[in-house]
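Have a look at these structures, which come just after this line.
In the two assemblies presented below, subunit A is common to both, partnered first by subunit B and then by subunit C.
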Partner chain A sequence: MIIAADHLSKWYGQVIGLNDVTLAVPPGITGLLGPNGAGKSTLMKLITGQLRPSQGSITVFGEPIWRNPASYARIGFCPEQDAFYERMTGVEWVAALVGLNGVDEEAARAMAMRALDLVDLAGEARKKIGAYSKGMRQRVKLAQALAHDPELLILDEPLAGMDPVARRRTIRLIREWGRAGRTVLVSSHILHEIESMTSNVLLIHQGRILAEGNVHQIRDLIDEHPHTVYIRADETRALARAFLAEDGVLSLKFEDQALVVQTARPDAFYTRLTAMAASGELGTIHEVTSPDDNLQAVFQYLVK
Partner chain B sequence: MSPIHDQGYRRYPGERSPHGRAWAVIAAAGLRGFFRRREFLGLLLVSLFPFFVRVVQIYAAANLPQAAFLRPSPEMFRDFLRQQDIFVFFIAVYVGSGLIANDRRANALQLYLSKPLTRAEYVFGKLAILLAFLLLVTWVPATVLLLVQIVFAGNFTFVADHLYLLPAITLSSLVQALTVSVSMLALSSLSNSSRYVGILFAGLVFFSQALYGVLYAVTRDTSWSWMSFSANVSQIMALIFRMPSPYATPWPVSLGVMVGVIAAAVLVLERRVRGVEVVA
Partner chain C sequence: MASVTRRPTLLPSALRVFDLSLGQMLWSRRSLFLALLLGGPLLLAALVRFAAVADPAALPRINGQRIGGLTLFGMMMWLLYIRFIVPVLGVFYGTALIADEVDDRTITYLFARPIPRAAVLLGKYFAYLACTSLLVLPSLVLLYFLVAPIGERGIGAGVPALMADLATLVVGLAAYGALFAWVGARVKRPVVVGLVFAFGWEPGVLLFPGYLKQLTVAYYLQALVPHSMPSVSPVGSIMQMLQPAPPSVAASLAALGAITVLTLWLAARAVESREYVLEP
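For the complex of A and B:
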């Protein structure tokens, strides 16, 4: 096993972040699925050695990870929050972080460029990060996680805020990394996203691992609940007209420059949405997010 | 040869430097970043004006009989270091205020500390940046002045008569630079705004001096000098240069205050420099 936790707990004062978690993450891609506040980020920060366990133990590559910086070089971490110097260019920022792995400056720059190329950002590598779109920022974060050639990738909500095309591209990349022999732990609160990368999932809720194994078993549960999608686009009215003709769309709501859609058939909906974004026939789609209400409902059902 | 090129990631075949040297990467990146800024180079140049004035003084004393009264003395070196106080302050504010605050604002600490870099290495790398610049305006010009004296005098008599001078310059500069650097880093870790940190540092320096000034004005007693950040540094410098104490405060008290300030700063850094901010 690449990651193993044994009765792992983490609390912040009176608040429990992670509660008596025992798990094992095998090589390949594993999805960490849970609503916001479930403990996904806490678990990832424990795995990357940024937090000390309050109780229990966690090992990565068979070694305790806390205060073990030698192991950090084997891990690539993509945090959920932005972590940039806006005045730096993409390549400067990635190269600076690669340099911390003991690589000389010239090699660090070359590795940064290769990683940026892998996430389709080579053309924008010399632009300042301040000028990057949300999707480009997500990709440059992925590049820094990948650049030093780690064996284990920890990706915290890597698809958050990406447009459908960038989302599809990133999912493809993550699958390629899994096929190339890397171990990837990727978190999300959207089942559809995780399902498109792997069938192996860990379900986390209120700091506890609720279920683990094959995604298809919880798939049916998810489908019983309507799925909400928030789309920020230039032509929201045209998109709404197109969606009205779709099967499974339950409701449409306009918000400030955005369209909020409830669908009973998320798979078909996302496929159609990606096709629309790629063709550009209904204007530019800037951002697609999904609130975790639907997943929350499933978790509530599971914990009953 | 296959016409299809491998598009996969190519592994780094070179050597990786051993663990424990990542602080040097942080320090080198910081030093390079500041040397690229024109306004900072201007500040460095201005901070060397007193050095050039002292060079002229030493030259005149060595070559013009009527300027013999300008002859260098150990006091001259101590006074030079005290004169540099104002530049130490400006450089500390310019360089130091953002060293950790900017990383906190950019949320970069969580990424740095997920790399093979310990918190101690991170702090040491940041400290090295500020220390290097402060020593560049204190220890470096003072040591060069000593060399200039030897060159213009054409002999080693002055240095031989005051063998303690080079160690005194070195120790004084280190005490001053270390106290200022560690305090500034601790303040920088307290906020996400470098401006606020700059104001906080200025407040610490000026308020402590003003407090001492008021108490001195009321009591006419210099034994309150332990309250002043800069008076404590002056007191220790006088001791190192084997000169009479400028204040009535016993030097162990001044030293104790400075050690206390450094200890408090280290404690703040230990609590604040974390990849994940834990609010408990």
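For the complex of A and C:
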């Protein structure tokens, strides 16, 4: 097993972040699915040695990870927070971070450029990060995680805020890494995202692992609940008109420059949305996000 | 892409962090504040120079003697730079070396790399030293050229002392920065603790006879300042007579070196073992 946790708990003062978790993550892609505040980020920070376990143990590549920076060379971490050195360009930032892995300057820059190319950001590599869109910021964060070619990738909500095309490309990239024999642990609060990458899922809720393995049954449950999608686009009215004709669309709502859609058929909806974004027929789609209310409802149902 | 398994060691890693941090530090809001702070003494010096040119009799006197440019420069160096600007910089930059990255939530990117955490602290400390020196040293040189020409003696007479002053500033920045880096790594309200130390404890114990003053940075810096400070009042003269002789330059340098190395080491140890929980 690449990652193994044994009765792992993490408390923040009186607040429980993770509660008595025992798990094993095999090679390949594993999805970590849970609503916001479920403990996904806490688990990922424990796996990457950012946090010290309050109780129990966690090993990565068979070794304890807290205060073991030698192991960090084998890990790439894409954290959730939207935080950067805004004045640096994408390539400067990624190269500087790769340089901390002991790579000389020239090689670090070449590795950074390759990584930026992989996330489709080579053309924007010399722009300041402060001028990047939300989706570009997600991609540059992903680039710094994979630039040093790690064996284990820990990706905390990597698709959040990406436009549909970048989302599709990133999903394909993650699947390629899995096929190449790397281990990827990827978190999301959207089952459809996770499902498009892997069928091996860890369900986490209120700091506990509820289930692990193949979760088709959960998927069926989730499909019974309406799924809400928030789309920030130039032509929200044209998008709304197009979605009115779609099966499964339950409601449409306008919010500032965004359209909020509730659908009973998320798979079909995302396929149609990606096709629209790729064709550009209804203007540019900047950002697609999904609040986790629907998943929260399913988890509440599961733990009853 | 080739996998990199060689673990970088402390010093090369610290230099990489230095590279990454210097630009950020130089263009930070804190450096803008520092530039404004350094404008104060220069403005004051410009006013004094203007007054001296307009009316030489307007210059201040001590014990009936009109003070010359070099004496005035020495006083400004001690009171404004050593006793005020350097500790302020030490407090605001030193306590923030790691705290800034934590507040900005960028610390994850550094701590997720295969380098000792101590290298992050050390690299940022070097960046602090370079950043503050780059701003403070030119300011002192400008101050010298504004103030030194006042009076009879020429600019050249004070140049050796100016060189010593510049070195003293760097030594002071190094010592205060290291001390407050340790405070920043250990306590919850480091700025408050730092300000109390720099502007409560230090001036307090320096006023009185005894050995407590050896627990300050200013005491050792005082011995490095080449200018003789004129006493402005009879009470001051009595206090000076009661004070034991200041330590030698060599002893002061050794003490400041020891403070710097020891507190940096303690800060590095604290950063290595401390858990940083980022606010969501």
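As a working rule, the second predicted complex is superposed on the first by the 304 of 304 C-alpha atoms of A that agree within 3 Å, B and C clash if a C-alpha of one lies under 4 Å from a C-alpha of the other, contacts with A are read in each partner's own complex, and residues count from 1 in each chain.
The rule we apply is simple: a contact is a pair of C-beta atoms (placed from the backbone, for glycine too) under 8 Å apart; a residue touches a chain by one contact, two chains touch by 3 or more.
Quick caveat: nothing in here was measured; it's all calculated off a predicted structure.
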{"item": "Three-chain arrangement built on subunit A, subunit B and subunit C clash or fit", "value": "clash"}
{"item": "Contacts of A:Ala96 with subunit B and subunit C, given as first, second, both or neither", "value": "both"}
{"item": "Touching partner for A:Pro69 - first (subunit B), second (subunit C), both, neither", "value": "both"}
{"item": "Which of subunit B and subunit C A:Asp6 touches, first, second, both or neither", "value": "neither"}
{"item": "Partner chain(s) touched by A:Asp104 [first = subunit B, second = subunit C, both, neither]", "value": "first"}
{"item": "Which of subunit B and subunit C A:Glu246 touches, first, second, both or neither", "value": "neither"}
{"item": "Partner chain in contact with A:Asp120 - subunit B first, subunit C second, else both or neither", "value": "neither"}
{"item": "Touched partner set for A:Gln81, first subunit B, second subunit C, both or neither", "value": "both"}
{"item": "Partner chain(s) touched by A:Pro150 [first = subunit B, second = subunit C, both, neither]", "value": "second"}
{"item": "Segment of subunit C that clashes with subunit B, given the candidates 42-50, 60-68 or 168-176", "value": "168-176"}
{"item": "Common interface positions of subunit A, toward subunit B and toward subunit C", "value": "12, 45, 48-51, 67, 69-70, 72-73, 75, 77, 79, 81, 83-85, 96-97, 99-103, 111, 114, 144, 148-149"}
{"item": "Residue ranges of subunit C touching subunit A (in the complex, touch as defined)", "value": "1-8, 12-13, 16-17, 19-20, 23-24, 27, 104-106, 108-117, 272-273, 275-278"}
{"item": "Interfacial residue positions of subunit B with respect to subunit A in the complex", "value": "8-12, 14, 16-19, 21-22, 25-26, 29, 102, 106-108, 110-118, 274-276, 278-280"}
{"item": "Touching residues on subunit A, where the partner in the complex is subunit C", "value": "12, 45, 48-52, 67, 69-75, 77, 79, 81, 83-85, 87-88, 96-97, 99-103, 111, 114, 144, 147-151"}
{"item": "Touching residues (chain side subunit A, partner subunit B) in the complex", "value": "12-13, 45, 48-51, 67, 69-70, 72-73, 75, 77, 79, 81-86, 96-97, 99-104, 107, 111, 114-115, 118, 144, 146, 148-149, 180"}
